[in-house]
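These are the structures, in structure tokens.
Each of the next two complexes has chain A plus one other chain: chain B in the first, chain C in the second.
Right after this comes the complex of A and B.
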């Protein structure tokens, strides 16, 4: 199976070349086009209860699609928003993804839901997050470009709406962006501090930011 | 006419260089900038193409403008920069006979040797594929410029090919498509989130767009306040 992320970073999409025996799993409605020789099967994402939890708390869909072929063919997978796509090799580990970021993964990957905590909720990042784990790769995307940051042992402040994903070794904390006054006046308010070690993925734009701008002009 | 596509794929525009007497027909509002020595004429018909009121009406039903702008160079080496309203890609499709069927709003410009008409694709297809009832039909010899939301990719179809509704930009008329399901049953097709897809058959060139405006709209729409 050969996978290429093309048209980066503005309109990234996956071109997947499948031969007999290859399989790839993708988020519901991710298929843009495919050869006639490709077969699709639809199933609960990670079993019935996990799927329901993912739908309720993770903002993801109930079903996922698995693509395979008896011969060979091409498949194009895409996301609803214009932006970049990244690949992460899990190597038996795990990655947390924010709602809507998941696009595709190798067939052996587990898609679960995990409790992110009250701090995540206050930082407007949701009470739950998607947990992908296992042997294989996961592809996820965002609105705008994707910024990768290795935290090491340091702390990093991330504005609400820009977080895409992070490794389980990263912990979330709350804080003020500056002093009390500048935090309120500066429009940053309460910020989320991410503490390493581990890698975090950020998106360079946020849909909420776009919606706020459009609302202002309506 | 020399065609150069700039700023691909996020904010593409076409830079056209025309020699004296050369002509190009563009979508109304597509002009971004141009040299001084152009004659611009707005009409419902193009010189090369079938014309008049009826083509204008059909173009409107295909999601295009009733009017067209015709640019004629009055001096050598005149440049014209054109682009679509949304972010997205522009591609150049040279035609030497045959026909190209273009999804509603994707036609951007074409040379004088191209006849622009509208073609009926069926009410059922329009209702369920998320496209218009009429599509733009280009035939003849010359250059055609297409625009999209998202990047445009080219597929050489030989046999069968499946495209999700909302991702078609244009296809050669040696191809035809039927609406259908993805997977074994309609229930599965609905559950898969793909819903109704377009099954292409035949041999020819197909242009798809990587992104789908309605999907982005569904994501953004709920966050917008009511007017």
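Right after this comes the complex of A and C.
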């Protein structure tokens, strides 16, 4: 199976070339186009209850689609928002994704819901997060460009609405971007202070920021 | 955790992962064996990575805050796991230095948790205090702001609401019932408490056909009495007690305060500024839905005490309200939810005691009964003698003194 991320970074989409025996799992409604030779099977995302939890708390749909073919064909997968798509090879490990970020994965990857804690809620990153784990690759998308940052032992600060995904080894703490006054007046407010080891993925734009900007002009 | 002991050598196994420059991508999930010499991480591709305890340091962190990291001094290899028992196993097999480091980290974590718990408890306490203060402040603000709203607004609201609300029955034109209730009202109006130079409220009463034992007053003086209440009351004085209670809600403007609490203090200032259109619509809707007609315990107590004073000033039996409570309590127990008027008036027994105590404190020995044929009123309201399970029969009331009334 050959997979290419095209039209990066603004309108990225996945071009998947499937041959007999290949399979790929994608978020419901992610398919933009495909060859007639490709067959799609819809199923609960990890069983009924997991699917319900994923829908309720992970911002994902109840169902996932699995694509395969008896011959060969092309499949285009895309995300609803304009932005980049990134791939992460789990290699038996795990990755946390923010609600709505998941796009596609290799078959056999487990999709679950994990409690992110009050800190995450206060930082407006949601009380729950999607946990993908297992052996294989996962593709996910964000709004705007995706910034990959490998964290070591030093602290890294991320504003709310920009965190897209992170490895479970990364620790998160709430904090103010600066002093109390500058944080409030500067508009940064509460931020996430993250520390490695591990990788984090950030989206260069924030949907909440866009919504606030549009709302301001209505 | 899996534990094995081959040839007497202990080995514990946990799920976890590894960071290493030696593997593609720099990270992988791994099965970790804790042995007596060090950690051995086996990646899914079968690769084995050894981290000897002699070159290891430990750290606690990760997204969950429960992930243990063991790494070499040059940080080229990090093995991690958050599986339960991993730290215990490292502590047991890693030698005194690592055991001491694990103990120190655990103690720090416990201190942090304790401090966080204290902060959370303190935060919750502060929120509770703020919440209570806000509610109390809102009540005070409502009471204060209402005193500046002209009484004409009460009348506008009450008139609008009573015209548009579903009374669940026809307004009766029965002369006996209307006449009797107006006679009671007329007597009670003689005792309207003077509130400075403000004009008294004009009370307008409607008797509605309906089995529900209910009576309520709307702001401005609109009063609705159901025939079900007339049927249950053993005397005209008891109805006088109920009406005096409802009139107290009007005079003290409890309904208006509830409106302000419901639509906000800002609304009160809008009323004050004369912009009543928006507030009028919301308040009338609230009144129409009956959402405003439940008062706080304090308001009910105030209305009870005012009712006693009104009855006493108009030479009516000052315990009549308590008697009405007692009749219903005897007939229907202390679960009066079926009676709407009592459904919003909890703790009946204590209120009976409070009313009797207040009547006794006022100590008026004389009362002049109302000149109403109450048996005829009850009969017209649907009362049948055989229905009367009350030990207190319908009667033409006689002059009574509060002290002469038996306690329920």
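In this section, the second predicted complex is superposed on the first by the 218 of 218 C-alpha atoms of A that agree within 3 Å, B and C clash if a C-alpha of one lies under 4 Å from a C-alpha of the other, contacts with A are read in each partner's own complex, and residues count from 1 in each chain.
Assume a contact is a pair of C-beta atoms (placed from the backbone, for glycine too) under 8 Å apart; a residue touches a chain by one contact, two chains touch by 3 or more.
These numbers were taken from a predicted model, which means no experiment stands behind them.
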item	value
Contact breadth on chain A, by residue count: chain C or chain B	B
Chain B versus chain C as contact partner of A:91, first or second or both or neither	second
Partner chain(s) touched by A:135 [first = chain B, second = chain C, both, neither]	second
Touching partner for A:191 - first (chain B), second (chain C), both, neither	neither
Partner chain(s) touched by A:215 [first = chain B, second = chain C, both, neither]	first
First (chain B), second (chain C), both or neither touched by A:167	second
Of all residues in chain C, those that touch chain A in their complex	17, 19, 23-30, 43-44, 61-65, 67, 69, 78, 80, 82
Of chain B, residues touching chain A in the complex	9-11, 87-89, 150-151, 153, 155, 159-164, 167, 182-183, 188, 191-195, 199, 208-212, 215-216, 218-220, 223-225, 227
Residue numbers on chain A that touch chain B, as the complex places them	6-7, 10-11, 13, 15, 27-42, 61-63, 65, 74, 76, 78-82, 100, 207-208, 210-211, 214-215, 218
In the complex with chain C, residue positions of chain A that touch it	89-94, 96, 116, 133, 135, 150, 166-172, 195, 197-199
